Amino acid sequence: MATLVKLRMPLLQVAAVLALLGLWQWGTASGVLDTFVVGTPGETLGQLKNWIVDGTLLQSSLSTMQVLLLGWGIGTLLGVIIGAAIGLNEFLRLVTDPFITFFNGMPRLILYPFLAVWLGFGLQAKVLLVVLVIVVVVITIVASGFRDVDPELINNSKLMGARRLDIARNVYAPALATWLIGSARVTLGYAFQASITAEFIGSSKGLGYLVVFGESRFNMNEIWAALAAVIAIAWALDGLIRLWERRATRWSGAGAR
Amino acid sequence: MAAVWLVRLAILAAAVGGWQLLTTDLRWRLLFGRPTEVVSLVRAWVVDATFWTDTGVTLAETATGYALGVAAAIVLIAVILPFPAVGRFLSPFIAIVNSLPKIALAPVFIVWFGISFQSKIYFIAVAMFFVVFYGVYSGLNNIDQTMVDNLSVMGASGLERVRDVYVPATAGWLISSLRVSVAWALTAAVISEYIASNQGLGHRIALGQQALDPNAVVAGMFMVAVVSLTADRLLTLIDKRFRQWRLS
Amino acid sequence: MTTTVQGSRADTHAIKLSGVKRSYPTAKGEFVAVKDVNLTVASGEFVSVVGPSGCGKSTLLGLLAGLAKPAAGTVETLGHPVRGVNTEVGFIFQRDALLPWRTAEQNVALPLRYHGMSKRDALREARAWLARVKLDGFGERYPHQLSGGMRKRVAIAASLAYQPKIILMDEPFSALDVQTRTIMEDDLLVLWQEYRPSVIFITHDLEEAVGLSDRVLVMSASPGTIVGEFTIDLPRPRNLLELRYDERFTELSHEIWERLRKEVLQTNVDKR
Amino acid sequence: MTTTVQGSRADTHAIKLSGVKRSYPTAKGEFVAVKDVNLTVASGEFVSVVGPSGCGKSTLLGLLAGLAKPAAGTVETLGHPVRGVNTEVGFIFQRDALLPWRTAEQNVALPLRYHGMSKRDALREARAWLARVKLDGFGERYPHQLSGGMRKRVAIAASLAYQPKIILMDEPFSALDVQTRTIMEDDLLVLWQEYRPSVIFITHDLEEAVGLSDRVLVMSASPGTIVGEFTIDLPRPRNLLELRYDERFTELSHEIWERLRKEVLQTNVDKR
Amino acid sequence: GCASGNDRQTTGSAAKAPASLVISSSGNYLTSFAPLWAAEPDFKAIETKYKTKVSFEPFNKGSDALTALLGGSAQICNCGATTGLTAAIAGKEVRYIGNIFKGTGQVVVAAKKYEASHGSDVAKFANATFGFTSPGSGSQIAAQKVAEHFGLNWGATKQLALGSTTAYSPALAAGRVDIVVMEVPTAIKAVEDGVGYIVADLSDPAKAAPLIGNIIGAGLVTTKKFMDEYPELTQDVINALVSGINRVKKTPDPAAAYAALPDAYKKVNQDEKVFAKQWPFIYPSFVATEGTVDDKEIADTYALGGFSSQDASGAQAKAYFDNTLAKRAAETAHK
């Protein structure tokens, strides 16, 4: 009984997905939906199967994930470090604020060709693009979050003799976790956009490449099949984030009521 | 404050100087343009009426798409708030749509929404939606439950709770996510113009690329950044108003 | 006027808890905070609850306010079960829950607005209430600009201003100096006489409990349950300052003290 | 042992405030919270401060802890001026400031860690302290899983555990039931005798103030300043329970009460 | 004009047309499509005749332009022949109804440092890195054909997909690639900047033919549905195109050619000097067309686009290249 209750939500979600797929199949079969525009679930599945069998899917997913995770990790880490520095040091914040906002305002997604020529059309340029795209977002969120921490908690820790590092570990880090989780979800999306965009251009592997390839041949099924892999990865990563969220917010008793 | 400006100027000078120096080399100039040339190009632009129409077009698209995206996010949050189960149900789907590379879906957007103003607005709105949604969502998770309980007991209706607790408590989050997302909305506008259009700053960047003029591309990106910097300053002002109650 | 209302004798119960149990999940498993709580409060009755720290007093109020559901038993107010947040009660939280982004005035005016009062009237009323808790002149301050005792008084004003039929007070006066406290106790009694709400009042001050109440309940160390009931048969209206020299008062206080002492000793022996 | 230490007579001052003024900016302009405060506390002295709600007691502690700077006058601890947050003091805030994401145990262990204790030792020590405040078995709870009184006790344990030379306590026991309170008062006295920190203790309970202190200071309604000083010449060690029947005790309490009453009346007349 | 074919609906005096006629184009007023821009007076005439609005909607990618056509937000698409062909092979009812230029519009450019040693002998680039847009793109296949023509083993060469045109010149300058197939304007720019020199001209159909065959280039594509619904309008559009081609053919001189182009074009391509440099390369690609395509060209285009014979066998693919309107237009023009 208890497990049934636990399983209710995932079951519902799976049901919703199936319903959507069914609707899609029915729509294309009955001609309500233009197969050329939306593809068909059947053929998308067929395409997926082919790619799984010949290894394309695994290879492409791995290649995209490599860019994604490296870029996301480095970007988040850098963002937290810089954001923390800015959040803690008013002078630094004032000095850097316009530059960061300015950089944040630049449409960085279209920078890839420049990076590629500079660093070569390999992993580095792609990872750098992802980093550039998300780092500013993380900086902004972390810096404003740092300024939002209850000053009483900080004062209390200081009084008790906490040094900067202690405060960072015991006050800022746990508070930070909440915003990081929020921003991780946003940046995950950005990171995906960036890695796929990088693969659009000047690449011969990765899910982004599969997508452009499908696009250039007007084959919606190929696009969906590639996106299905994106979806699977995104879903798994979101699951990890939720796990982390549950761990990180255990103290708040959010689930108790 | 004077010191702040001095350091800022020093950084700016170093950056621009380094750029100018770097681009004496042809390879870098082909890539990044030259500051001197970018400046003279921008000077030519600002006296050109079409530049302002382009800016206006981009702004109009951004503002409309932005408003639409923010509204959609807020509506969804308003639904999720009283029904947390809905939130749990939607969570993975939202995460998935968030990570879908919207650029890859440009053809779908073209087909569904055409090539007009409208299509760009939807494109921007979709991009915006997630930033705001996730930003406010994490803000909600941070609210002191006693405050909400107190108000509920006092007889606050759902709407009143939203107005008196949720909105002010998440205003900080909302604004910081709005600040992040203004830039993102502009990027979305520029990219959608870049994909297809004959007006707007994105169009200008595309033209610069077509003409193989790195100065034009860089200048275009800078102008976009300037627009977003301005928007950001406006939001900061609003933020200050909202935070009056805080410790000084 | 020398009325004392007895919960057990009245036919309408403003509050009725039967066989109530509430437990919390913890790292070490289920923790039973209160159990087997049976309690009725008659309409217009003033009941105090005393008990050792952590015995489950706040937990009981939380159940009455509908902020949590009992694991067993039933919770009723004004004749019907509590479902969801109970807007029939006024609740003064142990830790004040003022809105930091509203001024003192606005914090008091809000519940009045929720109950349909116009903005103007609500503000006027709020100012009158602030005066009542000795805070006139502080209406435009934000909570962080007030002292601890002042914040508590704002919270009290906010919960009493809209005159709920049932008032739940969780150590409302503990942050106040003796004199301000006495003044506010007097005020509370006057207000109570005026429109006769049912009150559950939590305090650690036995004299306060005896002085204000019709009945005093003593709770046991956790898992908390009600282990003692004392009917305070002192005549009303009462003069709280003079009451100190009343013999019956001293006797009752002492009786309750003795009962309570056992409980506290229990807590400190019975370590989990 | 029958020592009483007099601040004015000792040659080293643990705490020294001279001509201190503190004001806050408000919507209505500058608000003077305290002014002309002169106060010395000798090393090892136990001083209580009483005064009407909002008179500036917490403000004074804030100045001593270095959380704010005086608008005029000087604030010194252990012989040198306070600059920035003062890590020589232990501060028990009026509203507890526990880290919500750390368990009770960790909250107590942290300051010990800050003072260089190893993780193991700190945890062992923290557990011992939790036992001392009657919270053994609750070490692994997060603050939100504790009752109001329990949280306060965790905060007290955390601030006392690392044995600061100066202890500032802002109404530490107000959320506790009488019995727990008495036990903790006794404990505090034992601890104080042990290593003789200088203590400033804020309370609204006059008997508590008299029972614990070497000196009791009375503050006036705001703008707060010190208007009364009472030397408590009761012998030590004291038995707090028996003290109630001591004549000198009653006399002193009454004296302070009278002094304070004037002040409170003042607050309530002097409305701004 | 007098309406024909569609007797049910043509009742009014004005000929039947949608309220607006959107022509989706790859790029912004590219010089490669000069005939289309030169046809401006004819499009103006169409606007008056049909009381409609003709507009060009630029797209960064040809495939997006075609998607706009298929999605219904454009009525005619100006894109590469193979872009439309791909859709036809996928089963869409699209028709290639008028050719704008022949050849690929591309040039082979090598890094400057090889000019003296390698010249135009591609065979010497055996150890070099070949650059192109993306795998499977026309530029990649062109590069492969050229390499193979010179006896290189394509599989053994080093290759790099450069993505956007922005990267070409800097990549050549930075030494990331040695020899690149690029569009004429990019090539001119590379030569201008001194980072490259021209190895082979694939833009001039005559010069390109021995290397890669007779290639169709770009043209106007529309849906069968649109042709059936607005036959007269479609014919007029192609008439306009053909008259544009004829107009352009008369101006081998860059100055005259530039002068003949409309303001909208000049606004985007402001630098006449650049135009003058490009024109000699681009002009021949217009000379080679009458708006129609022949079987040899179709076969060669299939080959260059990497399409198989199976691809060519579908009903839509077979019907894709449709010369009828262009032929009729040429006849009218000759009269």
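Note that the chains take the letters A, B, C, D and E in the order they are written out, and that residue 1 is the start of every chain.
Heads up, the rule we're going with is that a residue touches a chain if its C-beta (ideal position, glycine included) is under 8 Å from a C-beta of that chain, and two chains touch if they have at least 3 such contacts.
Not measured: the values here are computed from a predicted model.
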item: A-B or B-E - the one linked by more C-beta pairs in contact; value: A-B
item: Chain whose average C-alpha position is farthest from subunit C's own; value: E
item: Rounded Å distance, subunit A centre to subunit C centre (Cα mean); value: 49
item: Inter-centroid spacing, subunit D versus subunit B (mean Cα positions, whole Å); value: 50
item: Rounded Å distance, subunit C centre to subunit E centre (Cα mean); value: 84
item: Shared-contact residues (touching 2 or more other chains) in subunit A; value: 37, 114, 117-118, 200, 212, 215, 252, 257
item: Touching two or more other chains - residues of subunit C; value: 24, 67, 95
item: Of all residues in subunit E, the ones touching two or more other chains; value: 63, 67, 70-71, 164, 166, 170, 174
item: Touching residues (chain side subunit C, partner subunit B) in the complex; value: 65-67, 85-87, 89-91, 93, 95, 97-102, 110-111, 113-115, 142, 144, 158-159, 162
item: Subunit C residues touching subunit D - in the complex, by the definition given at the top; value: 24, 26-28, 50-54, 56-58, 94-95, 134, 136-137, 140-141, 145-150, 153, 170-171, 174-181, 183, 204-206, 257, 260-261, 264-265, 267-268, 271-272
item: Touch list for subunit E against partner subunit A, complex; value: 63, 66-67, 70-71, 86-87, 90-92, 134-137, 160-164, 166-167, 170-171, 174, 176
item: Subunit E - residues contacting subunit B, complex; value: 22, 24, 27-28, 30, 56-61, 63-65, 67-68, 70-74, 164-166, 169-170, 173-174, 185-186, 189, 193-195, 268-269, 271
item: List of subunit A residues in touch with subunit B within their complex; value: 9, 12-13, 16, 34, 37-38, 91, 94-95, 98-99, 101-110, 114, 117-118, 136-137, 140-141, 144-145, 148, 151, 178-179, 181-183, 185-186, 188-190, 192-193, 196-197, 200, 208, 211-212, 215, 223, 227, 230-231, 233-235, 237-239, 241-242, 249, 252, 254, 257
